[in-house]
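Next up is a structure, given as structure tokens.
Here the chain labels run A, B and C in written order, and each chain numbers its own residues starting at 1.
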Amino acid sequence: MTTEGEGKAIQIEDLVVRYGDRQVIDHLSLGVAAGEVYGLLGGNGAGKSTTLQAILGFVSPTSGRVRVVGLDPSAEPVGVRRAIAYIPENVALYDHLSARENVDYFLRLARLRPEQDEMEAAFRTVGLAEEAWSRPVSGFSKGMRQKTAIALALLRRASVLLLDEPTSGLDPGATADFNALVSRLRGEGAAILIVTHDLIGVADIADRIGFLEKGRIGDEMVAEGPDRFDLRALHDRFARVRAA
Amino acid sequence: MTSLLREARFLLSLRSAALAIACLFLLTAVAIGAGLVEVARQEAAIARIGPQQKADVAAVAAWASKGRDPGDAAYYTFHATWDPPSDLAFAAIGTRDVSPYVLRVRALGLEAQLYEGEIGNPEAALPGRFDFAFVLVYLAPLFVILLFHDLHSGEREAGRLRALEASVGSTFGFWGARVAVRGAGLFIALAIPFLVGAAVAGTAAWKVAAVLTVILAYLAFWIVLGLVVARAARSSLANAMTLAAAWMALTLILPAIGHVVINSAIPLRQGMELGVKQRTAVHRAWDVPKSETMNAFFRTHPEWKDTAPLTEAFHWKWYFAFHQVGDEAAGDLARRYHDGVLERAAWSERLGMVTPGVATQLALHRLAATDPAAQIAYQDGIRAFHGQLRRFYYPYLFRDKPFDRADFDRAPAFQPTSEDGSWPGALLAGVVLMTCLVGALGVLRSRR
Amino acid sequence: MSVILSVAHNELRHLVRSRVALTGLILVALLTFAAALTSQAYQADQAALRERLQHAADEDFEAQPNRHPHRVVHFGHFAIRPASGLAAMDPGVEAYTGNMIFLEGHRQNSANFGDARQSSLLVRFGQLSPALVLQVIAPLLLVFIGAGMVAGERERGTLRQSLLAGVSGGALLAGKGLALGAAALVISAPAFALLLWLGVSSAARLSAVALSAGGYLAYLAFWTLLIIAVSATARRSRSALIALVGAWTFAVVLTPRVSPEIAAALAPLPTRVETDIAVQRDLRAMGDSHNPNDPYFAAFKQKTLKAYGVERVEDLPVNYRGLLALEGEKLTSSLFNRYSNQAFAAMEAQGRVMDALVVVSPTVAIRRLSMTLSETDLFAYRLFLEQAEAYRYDLVQRLNRLQATAVTAADDAAKSKSASAEARSRISAEYWRAMPHFDPARPSAADVMGRALPALAALLFWVVAGALFAAQAGRRLNRSAA
């Protein structure tokens, strides 16, 4: 059986997730193709994090279908997670280890053997100052942790990137750097899903933006032309989402 | 007062804390019950032996009185001794499960009889008893740790600490009430089953008071230690770990090391050696002139010097004399053995001065008269009784007085020395001292 | 596999960098070392002492002058329990049993001078031995080190991060288990070294050494698995720690203590005094050798006269007193054995009750396994007592036979009245020197194995249960939101 979106890196069809009596995701469908950035916008309680959990295999669908690079996350969570690089809002690292050691360890968990120069190149790419590479991350700021996580994501060479509120807490300069980086990864063919409530940030880089309301996609907008999105329309739409 | 009530209500509303206290109560109740059962078993055994012993003596008397030979009577009649459990033994069974509390002796050499063991299952004795002393010394501190390790840090981790301290008038009063209520909960869980047990056993009031003091002092030590660790203001997990490590060191490791050190510093080989020596000394008599034995005997017992001289024929008085000479030959070793056991006990008390768990264990057993000192006291009692037996039989033996049926009833009866335990003042002082020391350390640290 | 090793490596690195855990580890390893050293020194000292005492007792026995054989029956002999092979590893009941028995005619004495009776109350806290450290202290230290291994990462968020790197929950737990297992090996290494050394240098059987080592490995593996599984299941490291300390208290401290109370209630033991009185009573019922008209001894006399084809005791070619002594000893000895078998049957019934608690505590299994293999259990002790009794009986009967054959009836009858008859009733000292020495056999390898294997099976069952728990925890980790 082939469906319309078969072959997309992230494919969600008619997903329903229920916690007891509470329906959190209500017949959600969305797809992210390779080389595409999808921005998922939603207010608190819209179902953003449950959607992420379903993609990562931490939550099993009540009904419907989730596929990540063709694999079912609830059946093969480990295989799915190997294909995904996930950057959470708050990056958890081993405090007693340095950035280098953290990245090295997590790469090993992903069954990769990092070369030192590759790692250093990744740190440079994300803009992590060289003096910080070998120092325990316990003293890192939120931005530095984020950068370390992104460096890790780069080295993972994952075909799917999940970004959870990636720019919250970053200063404008760092945000710009981050956006440039995401664009580059898209260019390299990654499928990127950004979950956020930062309308302006996501408008800069997303190819499509979906509005998540009460567990379903209310609307989808596609970037067009040099201006990409009509910011006013986006804003009005998002205001309605938040009011709901 | 209102703050105490508030905290008591708060404690009861904390399911885990209420459960912990109930659990300790239950364990204490079971331990008290097991102790009472064991004491009843021992009392029943002592009671059972009375009639059996009477029948045994009667059977000996039945044939021995025919010949009226005091030697037969003295040789074949066993005399029972017993060491009844004290009114507190239910709380601390102590050494009563490894050493006999009933022993029969006859007027022959005592050293060959005194160390007789009891029929016991060593595999059952090995892990130790489940008595009140065990619950107090080992388990109660774990409950203190459970209830106190997050007293401060738990509120901080839950983000309530500031709000709490801001809303109560005096933080000292607030924490004081919280500590008092938790401590009182544990104390009650330990004290109520104990009091019931004491009522059943009819424990003397001063001993009940002493045990309650011991409970209080020991709980206080662990609570103060818990507060000092909590003052160091680290995570609940780190507090729990530190306290549990202290528990392991104080109740497992230090006593075990202390035992090894004491036993190797005071070796007691005299026991086995004295057995051999006494036997050899006794039997030597058969191979030396009787006069040699008798002269040795008369040197220590001149009162029999003027009795009829021995002839070629066998005479019981010579037989009993050489048994006594054998005892005296081993006397030095016996004294050293006796003193050695007491010295080991004394050193364990010294260790108790710095390890409250040991001090509590020793204090309870001292009060219950179930410690090695009480065992030695029982042996001393047997020794004294054995002296009476000799003094009873010797006039018949040495003066060739016939021993009639009625004489069997005239034999001295054993009077158990009501070894009543003693107030373990030094040990208690040790616990209090350690508590103060730990408290002072805590205060010093928080000043710095 | 390399992922598991990476996790283990990371965990060990954490352990080394957090100085508290490392200090604990080193201290307990040192404690094990000290326990092995002192325990070995103590056992060596005891072995030498006991050998010396047994030797001295043999010499004393042989140095007796010419004597009437019945004097020698009362002079008696000493049986001293030789130290067993792995007692340094696990002294077991050694401290609670006597080690020396005075063997004499007509009486069965107890084994005396056990250590527990002559030690301070400290002995009840447990004796410092490698067995105590491995059975009791090591699991608790592992709990401290391991309780937060997974739950702590859950609190800090790194657990989720690790799972998102695409490592399976099973591999993650395996790696942590490996690290905790390595810690367990560090703690126990001195004990295993001692086992190995005892296997090489002493009389310990290699099979016992291997099984003992295997048993302890299984025991520590169980704790490692349990700790990891609980840590992976608990939401916070504090609740994991409390649950695990609770489990430790229940399995290691509480169960072994409660079991004797249950056993004593189900199979009570008589006191020695009662047994003594009962033996005397039964003896009088069987036959009273003091009573010339006693039917039993009258019948014995008739039987004897008939066997020798004579009419009167005076015509017997042997000394009738000796025959009487032989018969009397046979009677008393059969009673001793009956009562001692009863007591041991009760003790073994108690043992079965206590062993049954293996279903709630693996510590019960390792205790049984370790004591059995070290030959410091009740079974080995009973074997010693039974051999001492057999030796006593044999020695006394040899002497009684000498009384029957080597002492004339006339001299025997007159010896307490006439010095010359007494002198003639003494037989040559050569006879004492010809008596066999007490040389008790150790429990056979088959006996030891037969008793150890059920305990080992129980331990393996616990390991499997622990592994299943851990595997389930690992699977749940894959799906948990961490």
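Operating definition for what follows: a contact is a pair of C-beta atoms (placed from the backbone, for glycine too) under 8 Å apart; a residue touches a chain by one contact, two chains touch by 3 or more.
Just so you know, these numbers come straight off a predicted model, no measurement behind them.
Pick the pair with more C-beta contacts: B-C or A-C?
Pair with the higher count of C-beta contacts: B-C.
From the Cα centroids, identify the chain that ends up most central relative to all protein Cα atoms.
So the chain nearest the centre of the shown protein is C.
Where the CA atoms of chain A average out and where those of chain B average out, how many Å apart are those spots?
Distance between chain centres, rounded to whole Å: 70 Å.
Return the distance between the CA-based centres of chain B and chain C, expressed in whole Å.
Chain centres of chain B and chain C, defined by C-alpha means, are spaced 24 Å apart.
So what's the Cα centroid distance for chain A and chain C, whole Å?
64
Applying the document's contact rule, which stretches of chain C touch chain A when the two form their complex?
The contact residues of chain C facing chain A are 2-3, 6-7, 10, 13-14, 17-18, 156-158, 160-168, 478-482.
Quick one: in the complex, what on chain B touches chain C?
34, 37-38, 41, 45, 48-49, 52-53, 55-56, 59, 63, 78, 80, 94-95, 98-100, 102-104, 112, 115-130, 134, 138-139, 142, 146, 150, 236-237, 240-241, 244-245, 248, 251-253, 255-260, 262-264, 268-269, 271-273, 275-276, 279-280, 283, 286-287, 312-314, 337, 340-341, 344-345, 347-348, 351, 358, 361-362, 365, 371-372, 375
Applying the document's contact rule, which stretches of chain C touch chain B when the two form their complex?
These residues of chain C touch chain B: 20, 24, 31, 34, 38, 42, 49, 53, 56-57, 60, 65, 67, 71, 74-76, 78, 80, 92-93, 96-100, 102, 109-128, 132, 136-137, 140-141, 144, 147-148, 152, 237-238, 241-242, 245, 249, 253-254, 256-261, 263-265, 268-278, 280-281, 284, 288, 290-291, 343, 346-347, 350-351, 354, 371, 377-378, 381, 415-419, 422.
Write out the stretch or stretches of chain A touching chain C in their complex.
53, 56-60, 74, 77-79, 81-84, 86, 88, 90-97, 105-111, 156
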